[in-house]
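Next come two complexes, and both contain chain A; in the first it sits with chain B, in the second with chain C.
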Partner chain A sequence: MVENRPFLSFLTHLVLIVGVVIVVFPVYLAFVASTHGNGDFLSGLVPLLPGPNLIENYRLMLTEGISTAGAPPLWIMLGNSLVIAIIIAVGKIAISLLSAYAIVFFKFPFRLLAFWIIFITLMLPVEVRIIPTFKVVADLGLLNSYVGLTLPLIASATATFLFRQFFLTIPDELMEAARVDGAGPLKFFRDILLPLSRTNIAALFVILFIYGWVQYLWPLLVTTDSRYYTVVMGIKRLAATADGEPQWHLVMAAVMLAMLPPVLVVIFMQRLFVKGLVETEK
Partner chain B sequence: MATINLVDLKKNYGSVPAVKGINLSVKDGELIVLVGPSGCGKSTLLRMVAGLESVTSGRIEIAGRDVVKAEPAERDIAMVFQNYALYPHMTVRQNLEYGLKNRGTPREEIDRRVKEAADILEIGPMLDRKPRQLSGGQRQRVAMGRAIVREPAAFLFDEPLSNLDAKLRVQMRVEIRKLQRRLKTTSLYVTHDQLEAMTLADRLVVMNNGLVEQLGTPTEVYDRPATLFVAGFIGSPPMNLLSLESIAGAPGFEGLNLPDGTDVIGIRPDQLVLDQPTGQNLALAASVELLEPIGGESHLHVRLTGSNQAVILSVPGRPDIAEGAAVTLYARPADLHPFNRESGRRTDTAVANP
Partner chain C sequence: MQTKRTIFPNKLLPYLLLAPQLAVTLIFFIWPAVQAVKSSFEREDPFGFKTTFIWFDNYKRLFADPTYLNSVGKTAVFAVSVTLLAMSVSLLLAVSVNRVLRTNRLYTTLLVWPYAVAPVVVGILWWFMFNPSIGIAPYLLRGLGINWNHRIDGSHAMLLVIIAASWKQISYNFLFFVAGLQSVPQSLTEAAAIDGAGPFKRFWTIVFPLLSPTTFFLLIVNINYAMFDTFGIIDATTSGGPAQATNILVYKVYADGFLGLNIGSSAAQSVVLMLIVIALTAIQFRYIERRVQY
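Let's turn to the complex of A and B:
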């Protein structure tokens, strides 16, 4: 695969650079927009270099928000998003670890049936079951609460499936050795299965955190109280001001801030991945 | 230290029997090797003793206590697995300690036992490594160490050496033997390698099809195989099993005085010779098909004249014999093993061969 041909390496770099530019340019544009003042966009020409209002815009968004759009200060929305994304990611991982453990390591009647029922729910994403789910959540009085925001999103067939596949690769002898060593089911789970699943958990955490972070439709439905707004749905409200032009510079500042946490999570968790990949546990 | 008693032990997988009624009593400090062809139920038997497999019927007593319903951890046994089954995320030390910690052994006691095991097995310098940083042989030692530190009533080994290369296997075999002698821990050892079986065993259990074919010391089993199966299974190259008709006309046959019911005669390849021995003997005419030199001795493949039966001899050195040459094979009557094909058993049960 590694060939030393100048033309080929030029071509591969070209492709890479074009790809990076395509991905990065909109982000750059958003950043530039977030540093300009009000009215800089009315001319119709989008400036390509950063303006002078960076600190001012971000401070305004973080502490005050745009009250005309009915949006609370951004830090509240960021906080909500963070809480929700973490609850969803941790909850999903905890539940799917346990259900995968049950399915793989215990023999009980109908375990295959249980697995397939879980598996089939893969075909039912939130959007498909949104109306009945909303009805249930509303009847339980969970609108405008963290529970209502997270609970319907927590059950996860995908994560269960991934953990199941991983657990299946663990040799039976390992469990048997643990049994002979006097480790009961819970001890085996805690002392052996969990440490072995570390990299998988880290990888899933990143994916699920971002999944929770970018939830749009569900928070839009179940929150009417601005104290529970998440940042992704909040941005939509910011952009859709009733009176006249959206304040793009502020909206873009919010966008940049909304992008930050997922990026941080990826960067931070990446260390764990690489560590896990380098020292393969099996 | 303990005895192990198996009483009419049976195991069915669904309706398929895997172990069909085994009786065995292992004496205190004895090393019993279970040997037999693949699928004969050795592992199943061992795993039932370990408590990893449920028992369909029968009794298992370890140190006089019926343990059929006990959890593996309550049976006071330690098991060494074929693939070692070391905990990959723990260091060697943690691997050794894990079982002791789970039992609430005091810290000083744990340290003492780990140190002792590490000394015996010479794995001291590796205690802080992870299993993946060890060679196969070293992992094998750690797996043994994990069993030793527990100071159990019995060791159970399921083909512990089969993942090692031939040279290391011989070395580890010797070490296991020494170790077992030294610790005097009652042991059950499963293998399908007959050399391992012969050299390790105090007593050998030859299994076939879920049943015990023969139980005895390795020499007993080798010198007087109880059944046709054992005769063909133990020994390499395997014993020649000749139908009675194919040797009926041979010189010396009249004086053999075979027991009633004999219709198969077994002769070990090393007990057939090319030079006529003194005293009474059986002489078989044959022609050479192939000479295989394998170092200190050679395997001579021949066919009996008349019956066309294939026979193998092992002869010392490298005899100068051309393929196709006519030879005469001699056997002493005492070296013949008479069997009955129908029952599969020996027909002379009385005294051992001199």
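Let's turn to the complex of A and C:
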């Protein structure tokens, strides 16, 4: 701060508070709705203060779900989401570490070609090639399986670039010393490179976990068996009831539960989150 | 391309290390993309028994189709509005946080978490708020004499998806703007203050120009986001309706291919979208390479 201007400081805080209110309000409303009973929504306006049904709504959604909407209990879907997000994050990090290692520490024919093939994945988001990708997964018999849900999303150009950037900053002397001491490439990777990459791996894990958790279109296409539903896609099924208004209090309880895990990750690992976000996108 | 001065001599090992990444990429990215390009030049008979090669007929028909052109227009309106709204709001918030000394960590925490909310959940949150029968926003708007109903009114529907999509993107832009602002040297603004420039003048003549790399980067990222990552928001709020009013390109590909089962047209649309992503990525990387040089 260069100078003291009380009015401007007041304005600054005002802007920030309004900003926070705008950001928080939709979620507050959802939380309030999730604490009411079914009848409270018939009056024509959503309630603005929490009601008494908090525990009951959440218990009902977690253990039973809404069978009429074809939604399994939420704990199954939350479990699926957790498994899928972790597989995607770990998978992306693992294959990206290996390929970045190959690209930086080895010289071999077609190295540039391999780099470009990985680079191209940046330009082919799932949304623009859904039908042929769906067909490949269907032909391989991977519909309704964790493999089908995760494997097609696991290639990652950004993670590969991040590790490549990082590996290039590692001093050559480190590797020379390791080689003098008789370490082969795999030992060097395991005992020196991996420990050095720990912070980068953690930061990337946060970002990729969120990426995996919020996937919607892909799980929607490849799962028809409710045992494999993820929570993010399951919510849409809950909300889209054919006969009139959805059961708002239960839908919103599900929304809160679907939002909570990744949001908690961001809040409690904020430093890693910011590092991961700002560095992968550069 | 850069490598290490000293490298490992192994011949086979690098291929093994690259194999998993390349296998996934080839099977689930490159091959489907090639298939999309191929079937965009073909027509399949109604029973799927035989396909005929028809050159650019799918594209010709696509660009003569008024619903597709409508969708292109809607996408442009949507992408430009989301980009402007999300970027201006987050720049304002970032500049404010940058002025605050003690409480900036708290504000940052409270502003960044929407990044982790799934687009489809964002859609449901805003759909709930703007629900014509019980939502709070239509209730307040009725007080102002506006009869909100995004199920009937196309411009209401467009506004709803723009607001929802911008809300989600604020946290992302905010973090990048804060990072950008922190790299603006304090000495420059101090010098300008000594020369008598007020806070607004300092912002527009010093801080904002120095922020232009960040702004440009975010411009591309936001257009990309609005065009491709908002599928869930559209699906949860309006499903492209009413009367195609919010049927943006990425939603139309899905609707035509999976619900309408028009494979040829959907493939042609996929190819057009791929070209757009390629163009955006190329712009982004060209610019980043230039920035690295100075």
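Following the convention adopted for this analysis, the second predicted complex is superposed on the first by the 259 of 282 C-alpha atoms of A that agree within 3 Å, B and C clash if a C-alpha of one lies under 4 Å from a C-alpha of the other, contacts with A are read in each partner's own complex, and residues count from 1 in each chain.
In this section, a contact is a pair of C-beta atoms (placed from the backbone, for glycine too) under 8 Å apart; a residue touches a chain by one contact, two chains touch by 3 or more.
In this text, all values refer to a predicted model and were calculated from it rather than measured experimentally.
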> Where does A:Leu45 make contact in the superposed view: on chain B (first), on chain C (second), on both, or on neither?
Replying inline: second
> A:Met61 contacts which: chain B (first), chain C (second), both, neither?
Replying inline: neither
> Does chain B (first) or chain C (second) touch A:Ile131, or do both, or does neither?
Replying inline: second
> Looking at the overlay, what does A:Lys187 touch: chain B (first), chain C (second), both, or neither?
Replying inline: first
>> So in the superposed three-chain picture, is A:Arg179 touching just chain B, just chain C, both, or none of them (first/second/both/neither)?
In response: both
>> I want to verify the contact counts: of chain B and chain C, which reaches more residues of chain A?
In response: C
>> Going by the contact rule set out at the top, does A:Ala85 touch chain B (first), chain C (second), both, or neither?
In response: neither
> Of the two partner chains, chain B (first) and chain C (second), which one does A:Ala71 touch, if any: first, second, both, or neither?
Replying inline: neither
>> Just checking: does A:Ile93 make contact with chain B only, chain C only, both, or neither of them? Give me first, second, both or neither.
In response: neither
>> Show me the chain A residues, by the header's touch rule, that chain B contacts in one structure and chain C contacts in the other.
In response: 176, 179, 281-282
> Which of the residues in chain C end up touching chain A in this complex?
Replying inline: 1-8, 10-11, 13-15, 17-18, 20-22, 24-33, 35-36, 39, 89, 92-93, 96-97, 99-101, 107-121, 124-129, 133-136, 139, 167, 170-172, 175-176, 179, 186, 189-190, 193, 199, 202, 217, 221, 228-229, 231-232, 235-236, 250, 253-254, 257-258, 263, 266-267, 270, 273-274, 277-278, 281, 288
> Contact residues on chain B for chain A in the complex?
Replying inline: 50-52, 71-73, 77-79, 81-83, 85-89, 98-99, 102-103, 130, 132, 146
>> Give the list of chain A residues in touch with chain B in this complex.
In response: 171, 173-174, 176-183, 187, 191-192, 195-196, 198, 279-282
> Which residues of chain A touch chain C in the complex?
Replying inline: 1-3, 5, 8-9, 12-13, 15-16, 19-20, 22-24, 26-27, 29-30, 33, 41, 44-46, 48, 94-96, 98-99, 101-108, 111-112, 114-115, 117-118, 120-125, 127-133, 135-137, 151-152, 154-156, 160, 168, 172, 175-176, 179, 184-186, 188, 210, 213-217, 221, 232-233, 235-236, 239, 245, 248, 251-252, 255, 258-259, 262-263, 265-267, 270, 273-274, 277-278, 281-282
